[in-house]
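Notes follow the structure.
Chain nomenclature is as follows: A, B, C, D, E and F, assigned in order of appearance, with residue numbering initiated at 1 for each chain independently.
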Amino acid sequence: MVKKLLCLFFAVGFVLAQSTVGFAEEASVAAQAMFTVNNTWMLVATFLVFIMHLGFATLEAGLTQAKNTVNILFKNTSIIAIGLLTYAICGFNLMYPGDFSIGQFFGFSGFGIASPEGAAGLIEYADGNYTYWTDFLFQAMFAATAATIVSGAVAERIKLSSFLIFTTIYVGLVYPIVGSWKWGGGWLDQMGFYDFAGSTLVHSVGGWAALVGVILLGPRLGKYFKGGIRPILGHNLPLVTIGVFLLWLGWFGFNGGSVLSADPGLVSLVFVTTSLAAAAGIIGAMITSWIAQKKPDLTMILNGCLAGLVGITAGADTVTVCSAAIIGGIAGVIVVFSVIFFDRIKIDDPVGAISVHLVCGIWGTLAVGIFSTNPDHSFMTQLIGVAAYGAFCLASAFAIFGGLKAVMGIRVTEIEERQGLDISEHGMEAYGGFQIFTTQ
Amino acid sequence: MVKKLLCLFFAVGFVLAQSTVGFAEEASVAAQAMFTVNNTWMLVATFLVFIMHLGFATLEAGLTQAKNTVNILFKNTSIIAIGLLTYAICGFNLMYPGDFSIGQFFGFSGFGIASPEGAAGLIEYADGNYTYWTDFLFQAMFAATAATIVSGAVAERIKLSSFLIFTTIYVGLVYPIVGSWKWGGGWLDQMGFYDFAGSTLVHSVGGWAALVGVILLGPRLGKYFKGGIRPILGHNLPLVTIGVFLLWLGWFGFNGGSVLSADPGLVSLVFVTTSLAAAAGIIGAMITSWIAQKKPDLTMILNGCLAGLVGITAGADTVTVCSAAIIGGIAGVIVVFSVIFFDRIKIDDPVGAISVHLVCGIWGTLAVGIFSTNPDHSFMTQLIGVAAYGAFCLASAFAIFGGLKAVMGIRVTEIEERQGLDISEHGMEAYGGFQIFTTQ
Amino acid sequence: MVKKLLCLFFAVGFVLAQSTVGFAEEASVAAQAMFTVNNTWMLVATFLVFIMHLGFATLEAGLTQAKNTVNILFKNTSIIAIGLLTYAICGFNLMYPGDFSIGQFFGFSGFGIASPEGAAGLIEYADGNYTYWTDFLFQAMFAATAATIVSGAVAERIKLSSFLIFTTIYVGLVYPIVGSWKWGGGWLDQMGFYDFAGSTLVHSVGGWAALVGVILLGPRLGKYFKGGIRPILGHNLPLVTIGVFLLWLGWFGFNGGSVLSADPGLVSLVFVTTSLAAAAGIIGAMITSWIAQKKPDLTMILNGCLAGLVGITAGADTVTVCSAAIIGGIAGVIVVFSVIFFDRIKIDDPVGAISVHLVCGIWGTLAVGIFSTNPDHSFMTQLIGVAAYGAFCLASAFAIFGGLKAVMGIRVTEIEERQGLDISEHGMEAYGGFQIFTTQ
Amino acid sequence: MKLIIALIQPYKLSDVKEALRSNDITKMTVTNALGCGQQAGYEEEYRGVIYEVNLLKKVRIEIAVTDEFVQKTIDAIIQGAKTGKIGDGKIFVMDLTDCIRIRTGDRGEEAIG
Amino acid sequence: MKLIIALIQPYKLSDVKEALRSNDITKMTVTNALGCGQQAGYEEEYRGVIYEVNLLKKVRIEIAVTDEFVQKTIDAIIQGAKTGKIGDGKIFVMDLTDCIRIRTGDRGEEAIG
Amino acid sequence: MKLIIALIQPYKLSDVKEALRSNDITKMTVTNALGCGQQAGYEEEYRGVIYEVNLLKKVRIEIAVTDEFVQKTIDAIIQGAKTGKIGDGKIFVMDLTDCIRIRTGDRGEEAIG
């Protein structure tokens, strides 16, 4: 009997042992599958953010004159290259320093990027959410965005070389340093400041620099004359529309990827809040434009769409879908008045970048303090964050642009501006063969 | 002995117990991973369908005149916003009512969207295939498509305000109500009607409204004169090509996402049938155009591509890859003759939307009855479905467009049409600075 | 006691048995989840490679004259259709023959595509990495790329019908046969030749044919005159920029998908090497262009971006990120001098396809021999591979283009070329209404 | 010989061409122009800034004719272009000293047609 | 009656229009033109090939006036267009034999304004 | 002084410019034009509808010269533009009453060159 029992027992034990081994293996297959899907989603988000750079390029090109198109495209193509390389050289390690060396304000973990060996750079790197390389590239795509925002606002008059130097410094140093304050775990993070995907950290950071650039450059020739404003028409509105749709597309990665995993509940919620905010931004701007201007303005509803997207970016995972629509709708209203306002005070921003990215970036950040479902978020902390970023970015941008202005100048000559930057800076036309009126 | 045995036994039992617990956890990791990948694919499909709206915008803009470009872009940007918002307010709950209240024809589960709490809105919502939010957004992206189809056909002469009202009603009410007949589990679904991704439910629904719109509006000024047809040239064929490629891209999500999970076998099959149908549509249209017209017409092969895509949509998961190529090829032939035919009978459809979406939508739906590998699909049921959708959509579109025509008019004045809707409706040009001939 | 023991024992046994069953199921869920995510990534890669065709279409259209735009768009739309269909008919089975019939040089496993039944076409097909259908479509998208490369180089003067016949033969036969040498497991594979994603197998294969085409066609009218070169301006640089960004986007799938699974470590590494090479290509070309030409040339940095991408393609998974940047940067320098060089020796390539795809394809393939972290890769083997592909492709392309030239001619008449291929080959203009100077 | 320059509404171009052809006048040169005349401009608004557009799209037709064709040409243009509304356009007539056909070197009235 | 043709720098168009308007000359026709004159061209470089562009963008204005308005018109154009730099442009004056308003059929000086 | 207007095939522009330059005529104004002449049009087909295009692309050159330069200019244009095929184009010559250089206010023959 006991013998039989023993036999049975060992038989069972054997099966058990076997299955436990197999089971451990399978367990790791499941974890590995989870890791793989998370990482795959982050890579998808990465290429979506990448395509935003094309969106910015076409948006900005379309809203400016045909004679400056080559220049805009050149700038936007350079920015992504400069952004990725500087981020690899120092940006990533400035933004995520691990340890801070100056208070919670500044840290740097060395030049260059290198993945930790083995699992440390893979499944263990971020608790099975993504690898070291994914982390780097996703963040690098974000970095370049900040400079792209500036590009549109200073278009049609900035000197190419000065702009490229500005971009290198701003993307390589300023953006990652202020970024570390929140996403790198710095002082604002510890204070409870919340900025999900970067209404402030990306959009306002770009927006402040745009504002400084526009002020230091002055308006385009012929834009303002005694008492009047002469509009300088964008030359290609289909390009603008392509740009805005690509930006929206990219925002699925920008916000959806900021979940930092493929978490089904969160990512899908973020998709919905993002889309409804964009939609409401369009409707908000449409109604405002139809009433305030006599006829509904395409460029305004396109700006409205972006305004909604920028607005929801700070709180896309922490507000209800209904709040998302409200935040987007208000952003759409704000942006119309803001564009008109800045034009009135002679801040000449050809593409509305300051209104979209700075003004609505601030609105979106503050909106977290109002609409967040998380009681830890407070309006005051949000306000402090906005102010801190504003102060640092304004100061940095003034220093860089101001320095460049003093040393090498930042504006092309009157003749070059009149001729168009395409010919004066690049010796080349964007639309060879087309007959184009250039009476401005 | 027995003691030893017991010891051993408990030791084994302990290991067993532990591993069973761990195992249950791991089991849920595997299920969770599956859920996550399914949901991630559905989100990817969602952004692919989203980008179709840009495809429609550029396609329609390119095939019409430069002086109406702003208007087309404005309409297409508005449609996606209106589509998403109305779908959130009522469309989703009309299309998937859960219970029907009037036969199997109509049901409504209340205003607004709200995810069920906890797992009920996540892994349990659709058997681990996607979350509530994913479901909503994927379907919402589809909804807006129906109205976009109309936009192209009625272009260059419809009043903006009337069009926007039409869109709101058609997307907010008509589309989800007829959609519920099949996808919401209504009477046609129970009868065995099959429409995988919407040859009928999306494309024909849009196509019928386009037909009604064109009939009620009449042709564009100068298109037809005593006995003759004067072509009104599209102004930007690169835009058209961009549009068609983006639509094809989007179709990977439109059809691939309609699998409603990331099922490797089915989704990859659908990718192949979709692509081969599109390719065959191009070749079918190329041969037809080269023979019927003297020279091969780019706009025709682009329409052929879309025709193939619309044709395969109803049966993408239920026909062989060879049948898919045949269905697509035939659609490519049909569309060329259809475009010429509608032009001859003075149905003035600038972009060929009726031929592509209605005619090939019907063809695709019927093709399921011919080529399906599933013996449950029958030609007769497919025909009944087509007829039912036709009747309801024609009636609804006539009611809406007719009502608008009576109340506020649906067509711009002759002077406005001549001047172009860009200036008359928006006070704005699409190509500032370019010299454009407007002799039509 | 023994009874109790037995009871306990069976209780435990029962739990054990149950959980083992459940466990086996769950084990398969984990494997299934892994399979699903791998396959999903491959499908994403597939649609990314698809969108490269739009990139090529707009790139080539933008770099040529407005009067040949319809023709370019027509060719690029046809190529994807021809590519997919011929690959389904014979290409796939030529490229992956399973068994070779003539040495390790040629094999063919029959016409048409058909998935093995059940798991053999699904999870077992490629060890849980993708299904048969995914495999086919991903490879089919690659195939069409080779012909697209030719299209740009021979633009503005090749006869449409001849080009389409050339494409059919080159994509349907030549590409898959030479492809089988490496990716089909043929002689070069066994020799240790390495080409990760196709610097040689795709890009050089296209590039060699482009070179032959250009030589047999001769330069465009008016390009070269006694002693001088007259530039023929591209007509739409925004289109070119759109093209390059879309190509970069597609390259995430081209290289990322060539991992042939969603392996997080490898795919993310490939994303980083690909992006840094592209970025370095831009910077390399920018510096070179700024120094060699007087002003920085937008078309050159765009070519530089592509050069970097083509350069990294052969070794994207086997070099360090730092090497990737060096490879890309050098490619960016090379491409500028190469474009100027070919122009000087009167090889008239309107879009720089030979420089980008052939020259940098060779560079990238050799770079594996220099920079690879895998000691098995050798410069000599790489050189042999390059030479073998060169010899076979040159011979094939000469045979096909030469044959066509003898039989039906490959170049349009002088009048047709002057009038533009849009009107002479298609009876249609790309920009109806626009006023365009055609003084060339 | 005279050179007749007509400025008309763009959408009337095909009507004018037809009217001319039915009077056997088939040679002409057409250019795109912007015109400022009695016809009022209109307002456009770009991003909140209103501005007046008073250069309206016109088509400019040049026709060289022998003296006996002048009146016929003018009549044909009027017939094709007239709607009675402001903006219909103007016709200018100027003396033509000489006319040369490049292909043959023919000069004068011979070369005109 | 005279037909005045002025070739000016494109960016001076609005100044010239204003100068004309303040002299009660409101009718004109404007076309896009390329001009070769004393103003030096510039070099462009496309993909490594340098070439000279010597057809510069100009705007061409045509104004038909009665004889007493000729000098006033010329002065106004000069006032609006002159910068003192090479490239400012030229004015040509030609005889106008006749002028017809299409809408009314008015002829001569009556039709011009 | 005379104003010479030449209508030529677009692709002949650079040849004509060269021929003029080698005759010391360097000033001119060029515009894009569409021409209807003896040269037959061609058919286009758009989405199944065939239509005739009989306004062909031409380039219009205006050159103001002093009387002694007239023949030289005409000869140079012919030399540059002539292929002997229909469509080569036409040259029109008109009287120029006056010519003013905006920059200096120079008038007449002095201003022309």
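Note that a contact is a pair of C-beta atoms (placed from the backbone, for glycine too) under 8 Å apart; a residue touches a chain by one contact, two chains touch by 3 or more.
Computed from a predicted structure; not experimentally measured.
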Report summary line: Any chain touching subunit B and subunit D at once appears in the list A, F
Requested in this report: Please identify each chain that touches subunit B as well as subunit F.
Outcome: C, D
Report summary line: Matching B-D in over half of the residue-numbered contact pairs, the equivalent interface among C-E, C-F or B-F is C-F
Query raised in the report: When C-F is set beside C-E, which has more C-beta pairs in contact?
Result: C-E
Report summary line: dist(centroid_CA(subunit B), centroid_CA(subunit C)) in Å evaluates to 30
Report task. State, to the nearest whole Å, the distance from the C-alpha centre of subunit B to the C-alpha centre of subunit E. Result -> 53
Query - Inter-chain centre distance, subunit A versus subunit E - centres from mean C-alpha coordinates, in Å - result: 48
Requested in this report: Give the residues of subunit F that touch two or more other chains, as numbers and ranges in rising order.
Outcome: 31-32, 43, 45-46, 94-95
Query raised in the report: On subunit C, where are the residues touching two or more other chains?
Result: 2, 5, 9, 12, 16, 19, 23, 26-27, 29-30, 33-34, 37, 40, 44, 233-234, 236, 242, 293-295, 297, 299, 427-429, 434-435, 437-438
Report task. Throw together a list of every chain pair that touches. Result -> A-B, A-C, A-D, A-E, B-C, B-D, B-F, C-E, C-F, D-E, D-F, E-F
Requested in this report: Would you tell me which residues of subunit C are touching subunit E in their complex?
Outcome: 229-231, 233-234, 292-295, 297, 299-300, 336, 339-340, 343, 352
Query - subunit A to subunit C touching residues, read off their complex - result: 1-2, 5, 8-9, 12, 15-16, 19, 22-23, 26-27, 29-30, 32-37, 39-40, 43-44, 46-47, 50-51, 53-54, 57-58, 61-62, 69-70, 73-74, 76-78, 80-85, 88, 112-113, 115, 121-123, 130-134, 136-137, 140, 160, 236, 239, 242, 425-435
Query raised in the report: Any idea which subunit E residues touch subunit F in the complex?
Result: 2, 6-8, 31-38, 55, 58, 60, 74, 77-78, 81-95
Report summary line: subunit F contacts subunit C in the complex at 10-11, 13-14, 32, 42-46, 57, 59
Query raised in the report: What does subunit F use to touch subunit B in their complex?
Result: 43, 45-51
